[in-house]
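Per-chain numbering from 1; labels A, B, C and D assigned in written order.
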Amino acid sequence: MIETPVIMLNVKAYSESMGAKGLELARACERVAESTGVSIALCPQQTELALVAKEVSIPVLAQHAEAFAPGAHTGYVVLEAVKAAGATGTLVNHSEHRMKLADIEALVARAKELGLCTVVCTNNITTSRACAVFEPDFIAVEPPELIGTGIPVSKAEPEVVEKSVKAVKELSPSTKVLCGAGIGTAEDVRAALELGADGVLLASGVVKAANQEEVLLSLARGAL
Amino acid sequence: MIETPVIMLNVKAYSESMGAKGLELARACERVAESTGVSIALCPQQTELALVAKEVSIPVLAQHAEAFAPGAHTGYVVLEAVKAAGATGTLVNHSEHRMKLADIEALVARAKELGLCTVVCTNNITTSRACAVFEPDFIAVEPPELIGTGIPVSKAEPEVVEKSVKAVKELSPSTKVLCGAGIGTAEDVRAALELGADGVLLASGVVKAANQEEVLLSLARGAL
Amino acid sequence: MIETPVIMLNVKAYSESMGAKGLELARACERVAESTGVSIALCPQQTELALVAKEVSIPVLAQHAEAFAPGAHTGYVVLEAVKAAGATGTLVNHSEHRMKLADIEALVARAKELGLCTVVCTNNITTSRACAVFEPDFIAVEPPELIGTGIPVSKAEPEVVEKSVKAVKELSPSTKVLCGAGIGTAEDVRAALELGADGVLLASGVVKAANQEEVLLSLARGAL
Amino acid sequence: MIETPVIMLNVKAYSESMGAKGLELARACERVAESTGVSIALCPQQTELALVAKEVSIPVLAQHAEAFAPGAHTGYVVLEAVKAAGATGTLVNHSEHRMKLADIEALVARAKELGLCTVVCTNNITTSRACAVFEPDFIAVEPPELIGTGIPVSKAEPEVVEKSVKAVKELSPSTKVLCGAGIGTAEDVRAALELGADGVLLASGVVKAANQEEVLLSLARGAL
């Protein structure tokens, strides 16, 4: 559903990506995707998922969803709501929103039934292997010590990327691997793809940039 | 910000209140509020908050929000995002999403700074008193054993409503009290208001109804 | 460290296994282990771990431990405290105390460094495979729907046991597999061992029994 | 049950307070209490609660307990287990183990039924007031920004202590107030008592000291 190589942007709960700014950022992603032909996917604020999915044509994902079925779960986002919002899928187990093992398994299985895409975040090679057992669409490897640092994993620990790709494909050949944590430049994107990754997952590098669209454009060129 | 007496509808994560159905339910709330002149407030799916707030003119609230500031909090809803979505406020500490005491205090204080309305849910007279210390806009008393039963607290335990109203007003005269759990008919609404409540908080009684708008209309008439 | 086949008894937070009763149950386990020669391991109340480990000679395990290092963590049990208490290891990710994936991985790795035994609980074949990636000492498969029912997984879903054993050994040949949920009789133990399990993990079947020692003795005979 | 003024020592999950060291620290507390006549209460490692309670004659408290009744709650400590361990009560809602509002209320009520003492930790004047509604035996005010700093709240924010004492007594005259966060010297203890506190709650100031008993002795003299 999401073409690769992909640049996946998680806007987190940053103030620079809310309301009018959030919608403008979504449109910037759409423009860059259209002008470069590079696949860009966006994880907007949870509260803006339905609105953003309606406003832009690029794939939109939730930042998090629960493993349980629709029902009396005040304040929680279930997969059916993600789908009803017009989104393509969801991030799962982000380092800022870790999930229980049994819930990750159930969530990935349920998403498959609903035709939703899952991007499971992991923190090292071993947890990447464990999640490969669930055969999600994507695994995004993000060493937690590098998140938000501007030091890309592809540079700091290139072997983590290479070994993760290998480990994941061994247990789940169809799962694609994203390189997360510290991605900020076209060079970082290129390095990630050369190490075997199918794309990157990033956040502050774009959201906190003075000129978000310019950075996005530069990153997209790194994926060409 | 929210006029009382109010009928507050929490659509939870029910499948009957998502996507097109969610939007239609929001419009039904708006129509009934307009035709009867009764104050109706709506808590849509978290993922539809910005969209629904944009589409209808009645007050819209989040079902839950976190106590922390905007930042790197993937998958969480902060108050600034609630405000950016065009919402009026948020439910706090719903029985299906209980919060830590320190977080309730911080969240209510922060909401006041942002000009957002808080509706703190409590489970008995003692916790209602404790939350009155925080001086939120609303306290919604919902004995957990009655939630979803169709047995209104105003009938099953009328003294809980009366004593809660008294206990809350004693510590925070400006806080309004909603009667939750088991509300389903015009008579339940009327009984709640007669016991001193400033409105009702309900969910399944409307969301699960065969004709949602008809039930809303009937409930609104109970508040006239 | 723990000989197999093993009967592992988790006393949970049951009132029948606290204080004087808890100590008496521990001594009953010790007597049965000595008289039958069958390996019995015990998970006492968390608050009684050091006391029970001091009083009996059979292996004693914590019911739960956290993944983090010793420090300012009021009210939490770290692995170093488990070791200092004289215990042999810990249950991990019990169905009543599920853990985050990243924490299970970190906890199992840390336990190996400390020479502590880990018994990771899982709910189905897929999560058993995922946990096998961490190469713990034991994996205890407990379909949640059978816990506390008295219906043994070895009877209700024998293929879950067989396939779990196979799936686990494939990824981690050294990991032993326990059969949990619903075990109550010598026959259940025998069936589990015949399906390839290295022992059983049980709780209410013994703790709630009128004569705990008699049931233990019967179970032990099933392992001969 | 616990005489005041009291010096309450929470050993947290520090490595300096486990196993043989934990027992030696407990005995040091007992010796200082006996030699000075000052009331000293101890919160040992959760795993050592029953053992320490058996070995020393001073009041011993759990660091944390859950609000629910005994039952199938693997790895959790219930109040009945605290009592069965021979402990006098429990810390509640420590800043490193915050609890949900509804659980604090239920836990304090349950502890009263069981004759157990509760020490509810709070982070500011407002949450202290809210917890006073539950009428626990003690409220320990610990501004989180001072915990572990060695800067006592009695010095950094004396008005927090004075106002907390006043606010608590207003809603619950029988509740005693402890001064937490940053206590390390006899002078800090004296200042806390002069500000109206009934004792102090401390941790690292003793546990991390080169000579734990000497520091305890000095603190006790501050309470004379």
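Simple rule for what comes next: contacts are C-beta pairs under 8 Å (C-beta built on N, C-alpha and C of every residue); 3 or more make two chains touch, one makes a residue touch a chain.
On a predicted model such as this, the values are computed, not experimentally measured, just so you know.
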Rounded Å distance, subunit B centre to subunit C centre (Cα mean): 44
Whole-Å gap between the CA centroids of subunit A and subunit B: 33
Distance from the mean Cα position of subunit D to that of subunit B, given in whole angstrom: 37
Per-residue multi-chain contacts in subunit A, two or more chains: 95
Chain-level touch network, classified as line, ring, star, complete or other: ring
Full enumeration of touching chain pairs: A-B, A-C, B-D, C-D
Subunit C - residues contacting subunit A, complex: 93, 95, 98-105, 109, 122-124, 126-127, 129-131, 133-134
List of subunit D residues in touch with subunit C within their complex: 10, 12-15, 18-20, 22, 43, 45-51, 54, 62-64, 70-78, 80-87, 91, 94-97, 147-148, 203-204
